[in-house]
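Working notes, beginning with the structure itself.
Residue numbering begins at 1 within each chain, and the chains themselves are lettered A, B, C and D in the order written.
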Amino acid sequence: ADVKPALVYGTGGKFDKSFNEAAYNGAEKFKAETGIAYRDFEPTGDTQGEQAIRNFASRGFNPVVAVSFAWTSAIEKVAAEFPDTKFIIVDSVVDKPNVRSVVYKEEEGSYLVGVLAGMASKTGKVGFVGGMDIPLIRKFECGYEQGARSVKADIEVFQNMTGTTGAAWNDPVRGGELAKNQIDQGADVVYAAAGATGLGVLQTAADNKKLSIGVDSNQNHLHPGSVLTSMVKRVDLAVYNAYNDTKNDKFTAGVQALGVKEDGVGAAIDDNNKSLITPEMQAAVDKAKADIIAGTVKVHDYTSDNACPK
Amino acid sequence: MSTASVPLPNWINYGLIPLLNLTVAFLISGFVVWLIGESPLDALSLLIQGALGNGEGIGFTLYYATSFIFTGLSVAVAIHAGLFNIGSEGQAYLGGLGCALVALALDRYVPWYVTMPIAVVGAGLFGAAWAFIPAFLQAKRGSHIVITTIMFNYIGAALMVYLLVHVLIVPGKMAPETRTFLEGGQLPKLGWVMQLFGAKLGAAPFNVSFIIALVVSYLVWLLVWRTKLGFEMRTLGVSPTAATYAGIPYARTVIIAMLLSGALAGMMALNPVMGSSARLQVEFVGGAGFVGIAVSLMGRNHPLGIIMAAILFGILYQGGDWVSFEMPNITREMILVIQGLVILFAGALEYMFRPAMVRLYQQLKRA
Amino acid sequence: MDYYDIFISVLASTIRLSIPLIFTALAGLFSERAGIFDIGLEGKMLGSAFAAACVAYLTDSAWLGLGAGILCSVALSLVHGFASITNRGNQIVSGVAINFFIAGITIVLGQAWFGQGGRTPQLAPDSRFAPIILPGADAARDIPIIGPLYANVISGNNILTYLAFLAVPFSWWVLYRTRFGLRLRAVGENPGAVDTAGISVAWLRYRAVMCAGILCGFAGTYLAIAQSAAFIKDMSAGKGYIALAALVFAKWKPVPVMFACLLFGFLDALANFMQGKQVPLIGEVPVQVFQALPYVLTCVLLAGFIGVATPPKAGGVPYTKER
Amino acid sequence: MTDKPAIELVGIDKKFGAVHANKDINLTVAKGTIHGIIGENGAGKSTLMSIIYGFYHADSGEIRVNGNPVTIRDSQAAIATGIGMVHQHFMLVDNFTVLENIMLGAEGGMLLARGVASARAELKRLETEYGLEVDPDALIEELPVGLQQRVEILKAMYRGAEILILDEPTGVLTPAEADHLFRILKVLRDQGKTIILITHKLREIMAITDTVSVMRRGEMVATRKTSETTVEELAELMVGRRVLLRVQKGEANPQAAVLSVRNLTVKDNRGVTMVDNVSFDVRAGEIVGIAGVAGNGQSELLEAIAGIRKPTSGEILLDGQTIDKADPARLRDLGLAHIPEDRHHMGLVLKFEEYENSVLGYHRRPAYSKGPLLDLEAIRKDAMEKIEKYDIRPPNPRLKTANFSGGNQQKIVVAREIERDPKMLIIGQPTRGVDIGAIEFIHRRIIEMRDAGKAILLVSVELDEIRSLSDRILVMFAGHVVGEKTPDAGEQTLGLMMAGIAA
């Protein structure tokens, strides 16, 4: 079928080295493979998403991918206005016949990096810095904690959220301060799930010669030797699949939940962090992955009951 | 001879000089566009096209303008009483709370036209309440209102975030915002107005609050130039000593003027909260309070001027969105750049061209 | 973690968070003591942060970054001066304009040049101001009481931090012990006195706003290339206004300015630290309380409940000889 | 004198917008003399001096100092040429010490430390040489005006002024202080300095100057040797025609007291007691004049009675009613009208149109309103009537008040206050800056009011005005009423009382 793909990023900007960049990579991959150009838009504020999505839809773009839960209500509205256009929202669920909602089992990926964090920590204390305090981010934290505890039962996990509004995704200074607080309290691995705020966390960890864990994209290269691993979330796949499925008339609406099994989330290991990962750690993470896929390990999903079992 | 006090005819004072100031602001904005490697002329034509090219664009333009009329009036009323209210932003934010509470309470029981007047009152009351403390501190304790209103913007933002995150949020939802209002809490759009001109409003949230804004503009004009209270405010504004002499109570007049100013700012919330998103969101004011300063300055603190300036800024906002969509290299923040330049040239540098104008005018007269 | 460690940690955080406030409030001090209100501090800080980050990235030199930050901030000061001194425009309006302009232009240019949502690229360690470990810091760490204080609070800061604390006595000295300072204080109280003493009011005020520009340049540079490793949009996040509040709080005096900034920095640090922690009897204190506290305190001060804050008498009023 | 003149002005011209403050002024001031310049308010004296001092720039004309043409770009240039000036409105930094004020602009180096020592020494020298004593470490805001003026003189001397301009130095001084000042000026002259003294008090001119020049409406109309002229001639030159010395009026016919002031004490904004335990009555049908040197509490007294300033203690009774709240609006309703001392800052809103000012303070009256709205038609009609009755020119109620001349502005205020049939009229400086024609008119209206049975309290620093209008004269000195006299009391007697010397 005809595809005229469009992409609306979250407010972090296209090259955020994280979430949005992953989406961009997916679109680029599609373009490279098919030669089909796409159009994208980078909103810099929360009010622009809806207009951009509508602009794309009204100009016949199809499918329209919106990455970020921030565009939930925008997609809800615009999808109703353009029932013949296909929409894909990432990180949120919109129940409309022409909308595909792609969500990730972040708890599973976070569990894997938690295992690594638990093993890498010498102090028995690890940290977590979240972005905006919302259930989605709690979900990351909860899986992380469970993973760390699976290898060190008495491990202490510090957690902080950067803020309560959208600005929390874009506040590396506060992210750095929070990380520093955790390091001062003894944490030697800090996991940042905070968009651009995370850059401050990784920076602070590197400045203080501690370990950090990146998120969404593979951020291992940002501070080689300091970033222990990254909890990658294959947003690129969501975008790529959306375009490809539409092209091949295989678009399906409804919820897609991508977990470890679907390769939707995982712990990144590459040249940049190879030296930090011991063979035992590698083995442990592989085992955890297998266990999750086999169902022998169940990672708790915070959003299922808004609680994290201790 | 100094040129400061040479009188100039109105068409120069209120026409040519503001036009010149505006032109310079746009020229420099054009330069910035050129700097990022885009064509300023293309950008300008896109801006106009996006803002005025079709019904939907016009609808958005007027939607933005509605908010700016309210905040512009808010700033202007205070200025007439000699008070620089930088707190319209915070007052509008709090006004949103007032109007949302009304909508949340009533939307399931009554139709919009019952909710609306009560929401206007609610928004006005909350906005006024937020202006009250700075007003009181200025009136009774002489605390500089510019500083206190800035402080109150931040205090208000903290308060609203707290309320939205901890109190008003829908449990289980991620975004800090209230639930969506039902029909009874939503203001109808003005699609029919567009139809009168044969245009389609589309998705633009141009709504009934525009009419409220126009009515309020008239009322403000009446207040400032036709009422005893307005007379007293203006007296206080230009000559506090004469006001004292005339028995105009300083504290009372300051407080009333600020309450009115705050109420006007608060009413602005109706437009985005009940007219567009149908819920109260974090940071929904989005700088409209500060735009009010620019609008009031450009409109020479007169309701008619304010309406025109608000529409100009509406064009800027809607057109700017369009430009940023069509020219991905130019982000929407270009609007802030233009806005800053307009405030600089129309406000702070308003007299820059005056001496030249005076010389020119005198030559013209001699000739 | 025992209480002393907590204390040290919060103290160190306080210092890191106070530095931009100190520079900015001192900037405001120079400008306002000369009679020029400056609510454009926010914009100047943000602008210089952007300039510093761009230049540091392009040249790989933190010092050139600092230079660029200062240059940018001084340029903005001159605009403010041109509007409020030469053209006798409204100083508040001019400040508001500068804040808007900078809030926009940094993102517009940043996005156009780097495409990172208004951010500048992450800086390599040597294009930033790195922490300086003072001699013996590591060795001293284990000495009780003084050790952690030395190792974690006094040592391990970047050069700009030390400069900020030097800037305080230096500003005091300039204001109260030099000819320039005497004239500057005079022009903020009664420009007529300065004028009739044969001193150019305009040039004096221009120099004052340039001083403000220089100091603000330090603040922005600190934000972008010392505290962080890149410019992030809106990264000043209201610090300019907090600094203004601190300036009022300190009644326009240099040493109290430092203490007011430390107090406000402390509140910020405390907010970070207290997050998610329970306070006995009260429960968890919302961070918004800490965020609002500096502003509330300043209003309480302005209301005259803790002494009176009298601004420089000629502040905000353009100087004209003719009526 | 064979020397070149200290100062020569040739064709100095200066406009402020529409106001032609100095018209083609020529003036020669001989070295080593005291040269007086007199003129009514607004004649352009201060403007001319400010031009010499480089504070203003002349639009055209030439200045010569010691025979050499000079360009005085700014005050610094003036100081460098040896010109010093004591401004009418002091140019001091209130929260600085005396020493800091004196050093400002002449610090003697980048750092203050060194200059401070030498400034102290030099101050000591000036003190002993001229008797200009003042504590160098006192804050200006804590000094009385007389001493502040001394600081201004010291500032000029410290900068080595050879030519010293004093702009109305005695307005704020008691006669005794003025005498002290004159002694100092004579010492300075005898040491070869040149002094230009501005005043509009003829007595002072006669007492101290060697030469006197007269300005009127921006023009230099005459220069005389003091020894060869008379008070009468100067007065005539000043106002441009023969001056009527007395206003025609009949005997007063006082009735019951309308205003009673009992043990009134009033402080100014700085908390200094300006009116100290003052008591008096004003009866219907009489004019009570208050004489005194400016700054002896008259302004504060008026403001307290008008409800603008809250008294610290004491009682004010209007028509038998105690006024316990400072509320000008209520006082107006009770029948108190107030013509303020300062029409520009109090009596009028210069940016308003004339008709708006014609109801200022009375705008809440039912006659001018329709509910919360103003009844513009009624107001404009009323304004027009007053314009006709008082011959206010131009007769246009829609004209901006700033565009009326001083005399016409004063008429707007007078008309507004008198024409609303008050019981009690308080008047401050009714004719300041007003031309002779208007003065006569306003004086006549005041007498008519008295004859109509109104009680009138009049404050003026012009002793002649007080003497010609009042039925009784109270003299104020340092916040006290030091005595009561009839208008035929001699100028001498009153003058001594004003100086606090005799009662």
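Observations on the model:
In this section, contacts are C-beta pairs under 8 Å (C-beta built on N, C-alpha and C of every residue); 3 or more make two chains touch, one makes a residue touch a chain.
All of these numbers come straight from a predicted model, not from anything done at the bench.
Each chain's centre was taken as the mean of its CA atoms, and the one lying most distant from chain B is D. We define each chain's centre as the mean of its Cα atoms; on that basis chain A and chain C are separated by 35 Å.
Averaged C-alpha coordinates put the centre of chain B at 46 Å from the centre of chain D. If each chain is reduced to the centroid of its CA atoms, chain B and chain C end up 30 Å from each other.
Each chain gets one centre point, the mean of its Cα atoms, and the points for chain A and chain D are 77 Å apart.
Shown for chain A are the residues in touch with two or more other chains, namely 42, 44, 164.
Of all residues in chain D, those that touch two or more other chains are 16.
Annotation for chain C: residues 107, 111, 118, 288, 322 touch two or more other chains. Shown are all chain pairs that touch, namely A-B, A-C, B-C, B-D, C-D.
Within the complex formed with chain D, the residues of chain C that make contact are 176-183, 185-186, 189-190, 192-200, 313, 321-323.
Chain contact summary for the complex, chain D toward chain B: residues 14-18, 59, 306-308, 327-332, 338, 340, 342, 345-352, 356, 360-361, 363-364, 369, 372-374, 376. Residues 1, 5, 8-9, 12-13, 16-17, 107, 111, 114-119, 122, 125, 130-131, 152, 223, 227-230, 232-235, 237, 269, 272-273, 275-276, 287-288 of chain C are the ones that touch chain A when the two sit in their complex.
Contact residues on chain C toward chain B in their complex (touch as defined above): 37, 39, 79, 82-84, 87-94, 96-105, 107-109, 111-113, 118, 238, 241, 244-245, 248, 286, 288-289, 291-292, 295-296, 298-299, 302-304, 311, 320, 322.
Taken together, the chain B residues at the contact with chain D in this complex read 1-2, 4-7, 222, 226-229, 231-232, 234-235, 238-239, 241-242, 244-249.
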